Structures are given as structure tokens and as C-alpha cells.
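Multiple structures follow.
In what follows, chain A forms one complex with chain B and a second complex with chain C.
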Partner chain A sequence: MYQYDQHDQAMVDARVAEFRGQVARRLSGELTEDQFKPLRLKNGLYLQLHAYMLRVAVPYGTLNSAQMRVLGDIADKYDRGYGHFTTRQNIQYNWIKLADAPDILADLAKVQLHAIQTSGNCIRNTTADHFAGAAADEVADPRPYAELLRQWSTFHPEFDYLPRKFKVAIIASETDRAAMRLHDIGIQIVKNEAGEIGCKFFAGGGMGRTPMIAPCIAEFVPALQMISFLEAALRVYNRHGRRDNKYKARIKILVHEIGVAEYSRQVQEEFAHILTLGLEPPPAELDRIKAMFADPGLETGLSDDLDRSDPDFALWVDQNVHAHKQPGYAIVTISLKPTGGIPGDATADQIRLMADLARDHSLDELRVSHAQNIVLPHVKKADLYRVWQALDAAGLATPNLDLITDIIACPGLDYCALANARSIPLAQKITERFADVGRQRELGELKLKISGCINACGHHHAGHIGILGVDRKGVENYQLLLGGAESADTSLGTITGPGFSEDGVVDAIEKVTDVYLARREGAERFLDTYRRIGMVPFKEAIYG
Partner chain B sequence: MVETVLRYRTDEPVADPAVTVDAFAAQGNATAVRIEPGDDALALLPYLDRLALIEVNFPSFADGRGYSAARSLRERGYTGELRAVGDVLLDQLSHMRRCGFDSFAPDKPISAEAAEAAFATWPEVYQQTVDGRRPIWAARHGTKDA
Partner chain C sequence: MSAKIKIITGNDLRTGDVIWWTGEGWSRHVDNAVAVDHDADAIIARENARQVVTDTHVIDAFAADGTVRPAHIKDRIRALGPTVRLDLSLKPADPQAGNWVI
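Moving on, here comes the complex of A and B:
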């Protein structure tokens, strides 16, 4: 994993000092709330319905155990004993006092964490494949490139007041586990015919009220020109992105309005200019970063044997454990979606337990997935049973990964100042309705995603089943969407028709799953059946 | 007005008032121009030799187009005065300086002391821009002293 040197540490420490000064100026009245708002937002501090919310960055979703433990301690010390892992691989605390915020940042800085650029109209924390470095199908570990990008984007002087927020995701395999093409810029690390590593760039994806799938804007940019290309792509956006309407200000609108060919042409023109300036970090810098990710300490010659005699354990292995590139190891996903729970929430004790398990059984590494779960990327198969027992005792062994109750949900109207409807109680009702694991497994892979407003933080456009909460004359109402997907075959969901009450939408989901069970052929997933038979049979079942 | 300008150059300030891009194009001998967020800064490239002052207006602090305008002009060889005017706030000075601004005329005056503290916010920088500061990667590898 990446370790700060004195330069990185100095930058994070400087940010803590700067923000301490800004908070003092706000508390003394020197800064008005209007003046303070853009400053606090650059430090991930939002004013929500009931309190301040602090969003802490987890760069490319990777944490060590000491960092994870501090995340748990902060939940105890400054919040109400829990934290919320987000779809951007970050963690949020919902009950923060403004006066405490500088101390929290100082606690984070001690373990090389921060809240830099987790909000505001700037380049946000970069996300990445949560199986990076452990998956067998990657052409390279994408995280060194993500770290290079983190440093370049940190306090970038030109791109701090963009038209709108800017999210970058980076992957390195054909299997897209990071919803890459639903980002402002998506980067796929690829190998060309000559065997050289480079970046395939996508631009203009996103969800929100105008969901779009990012088109490719460059097939192959040499890895050692990645930063120069990003400078060009961002500059063209900063110059020409719309600023007259915040709902049309994302790069997807620019790419859509001027066309991908014209946007690409302008980027290439600027790229050619920027290449003359020599501002790309040297190969030695990428090599320095790569060396820190190269080998987490995997052993060789380990057995792949597994004692599956405990049926509950075997069930969990089948559902929540993935193959690792190294024989004798496995990738464990810890579900933060228990029946009746709040998707993505974990208590301080649970966070510390996961930290301990990472230290003892996962080469000191954890990942946050964009599906709001936690990954232990390097677990010896011989340790799996022990890990499962510890998780089970802490309520963290729900065997539902990628099943209908593994729900992505935004905080919704319970916390969020923007929301139109609650997401959490609905997620809880769905997990209760489908609590039977046998029934969930019968339904197979089924990604259900809930957003409490049109901003789509809960990724409803990309759900096999998506739910959008709206406000209809003061009453919460839920629209149902079918057929979205976020992986290599990204697609956007289609609204079924008129919306439902909270209970009504749970009934509708059940009818939708009944149609699938009746109509599926062979090993089809829900999504496959939907794509084959279309919306009509589902509509008839729901509204007929 | 002059006393509210923070200036980090040693040459004599330009006496002429800055004119709009349209007026500048029409006059032919003006040495100072003011660009608005929607103006194409690169349209000034043919005139860089005779320009001594380019003012970049920030009607709202949140409109960041002026940062790209400034850095683009510096990258293409403009060495005259580059002044940020308008809704220019203390917490933005450091980034503006990195993008090539070397004078500031904020609507709400900022003291020279406060500005100095703002410029000292970041002990180091990650990016190579146009302000001559050595990026961290160069410090690490000794590849380039700017």
C-alpha cells in the first residue's frame, strides 16, 4: 500500500492548519456562512438536515488496519458510534459539531487520511476497482495510477472552481467493478499490441437527473502521459462547461451538446500543447508508487483446500468469497447489508473488528466497495473459517453479496437536505420482505439500488431494479426502474410507469421477481431475462 | 483604487485603463485589456507583445474560468502583468498565484499581510504550473529545478 513521505504529510498537515483557521474565522463571525460554505465543502463538511456531516476520503477505496481503526474511533469520539460507507468508497459521519471538525481532520492526518476535495466543484476523490491487486483479470494494479492522480488533483490550482463536481474512476480489467463509465472521466488501464501499458479514456458519464454512459474519447494514451491528458480534458471542460444552470453543468452535458468528436478534438489540441510543457511526473515517480503496491506479502505454495462441513459457512463462502489471483488465497466481501439494517452503516466496534481481521488475516489491507461493503482482499483460505466466525459473531456475515438484499441506498430524507423521500426505511422493508436466504439465492444476482431524489446518489439508474424516491404533492412516492446495469455492459434503467407508496413499491418488486422466476430460461440472471423479454410482461404484472 | 491593488511585480504599473476585448481589438494601440469569463483568452495571443496588463474579471468567485485563462496565457509566453479583479477572495489567492496572476484588485480589499499568509498556505505543491515552484515529484527525484 502507498505510504506518505514527508512531502505528502506536510500537505495534509497544512490542510488541517488552514481549515482550523477557517473554522475559527467562521466561529468568530469573520466569515459569513455564505463565504464559509465553499471552504468547508472543500473539506467534506456539509450542513445537513440535523447536523454537520463530514465525508472522509478513502483514496481509491484502500485502507490499512490502523486507518480503519481510527475511522471506528472517530465514530465513537465525535459521532454517535457509527459511520456510513458510501457509493464513492468514502465514509461519512452524520452527527458532527463544527468546532470538532479540525480535531477530526488532525486525527485523520495522523494515519495519512483526510477529507480533501470530498465535496465542492473540484476533482473529487478518485475511485477504483475494489478488487485491485487481488483480481486475476487485471492487466495491472490500477491503484498506482490512482495515487498519481490523487497527488496531481490535490489542491490543483486551476481546477478548484469547475462548473460542477468532477468524479474519476479507474479500473484495469474488462470486468468493470467500479461503474467506471458512469463517471465524469473513466480510465481503463489497458495493454496495447506492443505490450505497453496505457489509458483508455472515457468522458461524460454520470447519473443524476440526466444519466449518461461515458463514450470513449481516447483509445490509448501512454501511461506516462496520463496526467497531461487529464490536464487537457479538465481544461476544456473548465473553459466550456456550462455555468448558467447547475443542472446542466456536468461534463456529460458539454460532451453531449458539442458532441464527443468535437470535445475529443479540443482535448487532443490542448493535449498536444500541454505535452510541450513537460509537466508530467517522471517515470521514476510512477515506479516509486508502484513499488509500494507491488507485493503485499502473499505466500506461495498454499493449499486451496477448504472444509465446507459447516453449512452456514459454506453458504457464505459461496456467496461472499471470490477467487484470488494467488493460489491459497481468497477475496472476502463483508456485507454491510443485514436484514433490517441501514445499507453501508457499521458501528465503531464493527469497524474496529474489521480492522483487526485485516491486520491478522488480510495482509493489513481493506477496501471499501462502491456497493457499500467492505473487502478483505488477501485472506488465506486456511483462515476463512476463523474470519467467518468472527464476522458472524459481530453480525457481519450476511451471505447476500449481489443478491436482492445487497441494496445500495443513499442516506435519503432521514439525513440529506436534498432528498425528496426516505431511502433507508424502504431498504429495510425490502430486506425484511426478502429475508429468506434461500429465496434470495433462487433469485440470483439482482442489484437493487435506491435513490431518495433525482440526484441519484443511490445509483438507481444502474440498478437491475432501481427505485427513485420523489415528492408527489407532499407525499413520498417511489418510481420503479428496470434493466439498469453498471458493469462492462452498462445500461440505464427504464421507468415502469406510475409510482408507488413505500409498501406498494415493495409489492411491485415482488411481482417483478415473480415474472422473472416464471419466465427465465436456463441460467439467465434477472437482467438477462429482462433484456430478452422486455418491459411489457413486467408492466402487466405490476399494473395489470 | 490604486491602493487596493496587491501587486507582486517590480516594473511600473500601466497607467492606461484596461479596455474590453472588443474595444481592444478596435483601438490597435491599447496596452491593457480586461477579459470576462466568457471571452476566449487565446484570442489575445497575437497581441501579447504589446500587452502590458491583462485583467481577468471574476464577477463571482465560483466562476473558475479565469484560472484556465491565466495559466493558458502564461504557458503561451505572456510575461506582462496579469491581474485578478472582482470577487477575489483571500482563500483563493494562493491558487490564483499558481496560475500566473501577479496582481490582485479584489472588490473587498485584502491586506498585504493577510495575502502573504495566504500565499504561505501550502509548504509544497504537487503540480508543475507557471509559477516556477518545484513540484513534489521533482523534489523526490531531483529531475527538474524550475
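Moving on, here comes the complex of A and C:
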């Protein structure tokens, strides 16, 4: 994993000291709220429905056990005993006191974490494949490139006041596990015919009120020109992005309005200019970063044997454990989606337990997935049973990865000041309706995603089944969407028709799954059947 | 019979707690909120100047039998706490606490 050098640490420490002064001036009345608000937002501190909310950045979703432990301790010491893992691989605390915020940032800085650029119209935390460094199908570990991107984008003066927020995702395999093409810029690390590593760039994707899938704007940019190309892509957006209309300010609107060919042409023109300026970090810097992500200490010659005699353990292995690139190891995904639970929430004790398991059984590494789960990326198969027992005792062994109850849900109207409807109670009802694991497995891969407003933090556009909560004359109402996807075959869901009450939408989902079970052919997933037979049979079942 | 009123809400600057204007100060309990009229802007300006509250604004509510209920679901959830964590609400021991929210 990346370790801060003195420059990284000095920057983060200085930011903590600066914010401590700003908070003191606000509490003394020296700063008004209008003056203070942009300062606190730049440090990830929002004022939400019930209290201040702090969003902590988890760069490209990677944590070590010491960092994870501090995240648990903060939940206990400064919040109400839990944290919420988000779809940007971050963690949020919902009950923060303003006076405590500088101390929290100081605690985070001690383990090389911060909340910088988790809000505002700047480049946000870069997300990455949560199986990075462990997956067999990647052409390279994408995290060194993500780290280079983090360093480039942090406090970048030219991109501190973009027309709107800007989100980047980076992957390195054909299997997209990061919803890459639904980002402002998506980067796929690829290898060309000569065996050279480079970047395939996508631009203009996103969800929100105008969902779009990012088109490719460059098939191959040499890896050692990645930052220059990003600089060019951002510069063209910063120059032409709509600052007159918040709802048309994202890069997707620009790419759509001027066309991908024209946007690409301008980026290439700017790119050629930037290459003459020598802005690209020296290759030695990328090499320095890469060295920190080199082999984390994987052993060789380990056995792949597994005792599956405990049926509950075997079920969990089948559902939540993935193949690792190294024989004798496995990738474990810890579901934060128990029946009746709150998607993405974990108690302080659970967070610390996951930290301990990472320290003892995963070469000190964890990942936060954009699906609001936690990954132990390097677990010896010989340790799997012990890990499962510890997780099971803590309520963290739900065997439902990628099944209908592995729901992504935004905080919704229970916590969020922007939301129009609650997301969490709906997620709870769905997990209770489909609680039977056998039934879930019969339905197979089925990604269900819920947003409590059009901003789409719950990724409803990309759900095989998506739900959007809206406010209809002061009453919560839920629109149902079918056919979205976020993987290599990204697609946007289509609204079925008129919306439903909370209970009504749960019934409608059950009817949708009944149609799937009746009409599927062979090993078709729900998404495959939907794409083959279309919306009509589902609409007929739902609306009669 | 409930009466439609306007009340002032905001957040405690230091803690972020949701608070309600009582006519003399601020309370964490919405039932203590009082109706305001044309004096709302002056109250907000005066209280903002004291730098102890933030995000102050006027909302619609209904008053009846000693209770005050915000008109909009979002404000009712603000008044109670997350409906999915009643243990964190102002009345965690009362299983009926949230019945008026939704």
C-alpha cells in the first residue's frame, strides 16, 4: 500500500491546523455561516438532516488495518457507534459535533487519512476496482495510477472551482467492477499489441437527473502520459462547462451538447499542447508508487484444498468468496447487508473486527466496494473457515453477494437533506421479503439499487432493478426501473410506469422476479432475460 | 382540530442538533415550538447574529392538543430522528414515538 512521504503528511497536517483555526473562528462568531460553509465543505463536513455529517475519503477504496481501526474508534469516540460506507468507497459519520471536527481530522491524519475534496465542485475521491491487486484478470494493478491521480488532483489550483463535482474511476480488467463508464471520466488500464501499458479513456458518463454512459474518447494513451491527458480533458471541461445552470454543468452535458468527436478533438489539441509543457510527473514517481503496491507478501506453494463439510460455511464460500490470482488465496467480500439491516452501516465493533481480520488474515489490507461492502483481498484458503466463524459471530457473514438482498441504498430521507423519500426502510422490507437464501440463489445475480432522489447516489439507473424515491405532494412514491447495469455491458434502466407506495413497490418487485423465473432460459441471469424479452411481460405482470 | 402555523427551526451551531424556536430560546423538542408570524424574519436575524444557531428557517406546521407537527415529512423526520434508528431518537424508549412521522 501507499505510504505518505513527508510532503503528503505535511500537507494533510497543515490542512488540519488550518481547519482548526477556521472552526474556532466560526464558533467565536468571527466567521459567519456564509463565510464558513464553503470552508467546512472543503473538509467534507456537511450539515445534514439531523446534525453535521463528515465524509472521510478512502483513496481508491484501499485501507490498512490501522486505518480501519481508527475509523471504528471515531465512530465510538465522536459519533454514535457506527459508520456508513458509501458508493464512492468512502465512510460517512452522521452525528458529528462541529467542535470535534478538527480533532477527528487530526486522528485521521495520524493514519494517513483525510476528508479533503469529499465535497465541492472539485475532483472527488478516485474510485477503483475493489479487487485490484488480487484479481487474476487485471492487466496491471490500477491503484498506483489512482494514487498518482490522487496526488495530481489534490489541491490542484486550476480544478478547485470546476463547473460541478468531478468523479473519476479506474479499472484494469475487462470485468468492470467499479461502474467505470458511469463516471465523469473512466479510465481502463489496457495493454496494446506491443505489450505496453496505457489508458483507455471514457468521458461524460454519470447518473443523476440525466444519466449517460461515457463514450470512449481515446483508445490508448501511454501510461506515462495519463496525467497530461487528464489535464487536457479537465481543461476543456473547465473552459466550456456550463456554469450558468447547475443542472447542465456536469461534463456529460458538455460532451453530449458539442458531441464526442468535437470534445475529443479539443482534448487532443490541448493534450498536444500540454505535452510540450512537461507537466507529466517523472517516471520515477510512478515507479516509486508502484513499488509500494508490489507483492504484499503473498506466499507460494499453498494448497487450494478447502473443507466444505460445514454447509453454512460452504454456502458463504460459494456466494461471497472469489478466486485470487495467487494459488492458495481467496478474495473475501464481507456483506454489510444483513436481513433487515441498513445497507453499508457497520458498528464500531464490527469495523474494528474487520480491521483485526485484515491484520491477521489479509496481509493487512481491506477494500471498500462501491456496492457498500468490505473486501478482505488476500485471505489464505486455509484461513477461510476461521475468518468466516469470526464474521458469523459478529453478524457479518450474510451469504448474499450480488443477490437481490445485496442492495445499494443511499441514506435517503432518514439522513439526507437533499432526499425526497426514504431508501433504507424500503431496502429493509425487500431483504425481509426475500430473506430466504435459497430463494435468493434461485433468482441468481440480481443487483437492486435504491436512490431517495434524482441525484442517484444509490445508483438506481444502473440496477438490474432500480428504485427511485420521489415526493408526490408530500407523500413518498417509488418509481421502478428495469434493465440497468454497471459492468462491462453497462446500460441504463427504463422506468416501468406509474410509481408505487412503499409496500406496493415491494409487491411489484416480487411480480418482476416471478416473470423472470417463468420466462428465463437456461442459465440466463435476470438481466439477460430482461434484455431478451423486453419490458412488456414485466409491465403486464406489474400493472395487470 | 389542528391549526396551521409557522414555526422556526435550525441547528445548534456547536452540536448540529435540530432545534426549534420556543419564543424565549431554542428547544430540541418540536412540541416546544411556538407559532411565529410577521416577526419571523426579525427573530431569525437576531438569533443568527448571536452565532449560536445556523441554517435557521421557517416551516409550516400544525398545532393541536399541545403537540406541534411539521407539515412536511422531511421536517417530521428532522423532529424525531431517523425512522430506521428510533434508538437514536429523542424518545428511544417509546416504541410509538414515530407513529406521527410517516
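Note that the second predicted complex is superposed on the first by the 544 of 544 C-alpha atoms of A that agree within 3 Å, B and C clash if a C-alpha of one lies under 4 Å from a C-alpha of the other, contacts with A are read in each partner's own complex, and residues count from 1 in each chain.
Quick note on the criterion: a residue touches a chain if its C-beta (ideal position, glycine included) is under 8 Å from a C-beta of that chain, and two chains touch if they have at least 3 such contacts.
It should be emphasised that the depicted structure is a prediction, and the values quoted were computed from it without experimental measurement.
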{"item": "Contacts of A:414 with chain B and chain C, given as first, second, both or neither", "value": "second"}
{"item": "Contacts of A:425 with chain B and chain C, given as first, second, both or neither", "value": "second"}
{"item": "Partner chain(s) touched by A:22 [first = chain B, second = chain C, both, neither]", "value": "first"}
{"item": "Which superposed partner A:97 touches (first chain B, second chain C, both, neither)", "value": "second"}
{"item": "First, second, both or neither for A:284, with chain B first and chain C second", "value": "first"}
{"item": "Which superposed partner A:160 touches (first chain B, second chain C, both, neither)", "value": "first"}
{"item": "Which of chain B and chain C A:178 touches, first, second, both or neither", "value": "neither"}
{"item": "Partner chain in contact with A:448 - chain B first, chain C second, else both or neither", "value": "neither"}
{"item": "Touching both chain C and chain B, counted on chain A across the two superposed complexes", "value": "none"}
{"item": "Footprint of chain A on chain C - complex, ascending", "value": "11, 13-18, 48, 51, 54-55, 71-74, 77-78, 81-85, 88"}
{"item": "Residues of chain A defined as touching chain C within the complex", "value": "26-29, 32-33, 47, 49-52, 80, 95-99, 342, 413-415, 419, 422, 424-425, 428, 471, 474-476"}
{"item": "Chain A - residues contacting chain B, complex", "value": "5, 7-8, 10-11, 14, 18, 22, 35, 38-39, 121, 151-152, 154-163, 235, 238-239, 243, 273, 277-279, 281-282, 284-285, 288"}
{"item": "Residues of chain B that touch chain A when the two form their complex", "value": "37, 61-65, 67-68, 71-72, 75, 89, 91-92, 94-96, 98-99, 121-129, 135-137, 139-141, 143-144"}
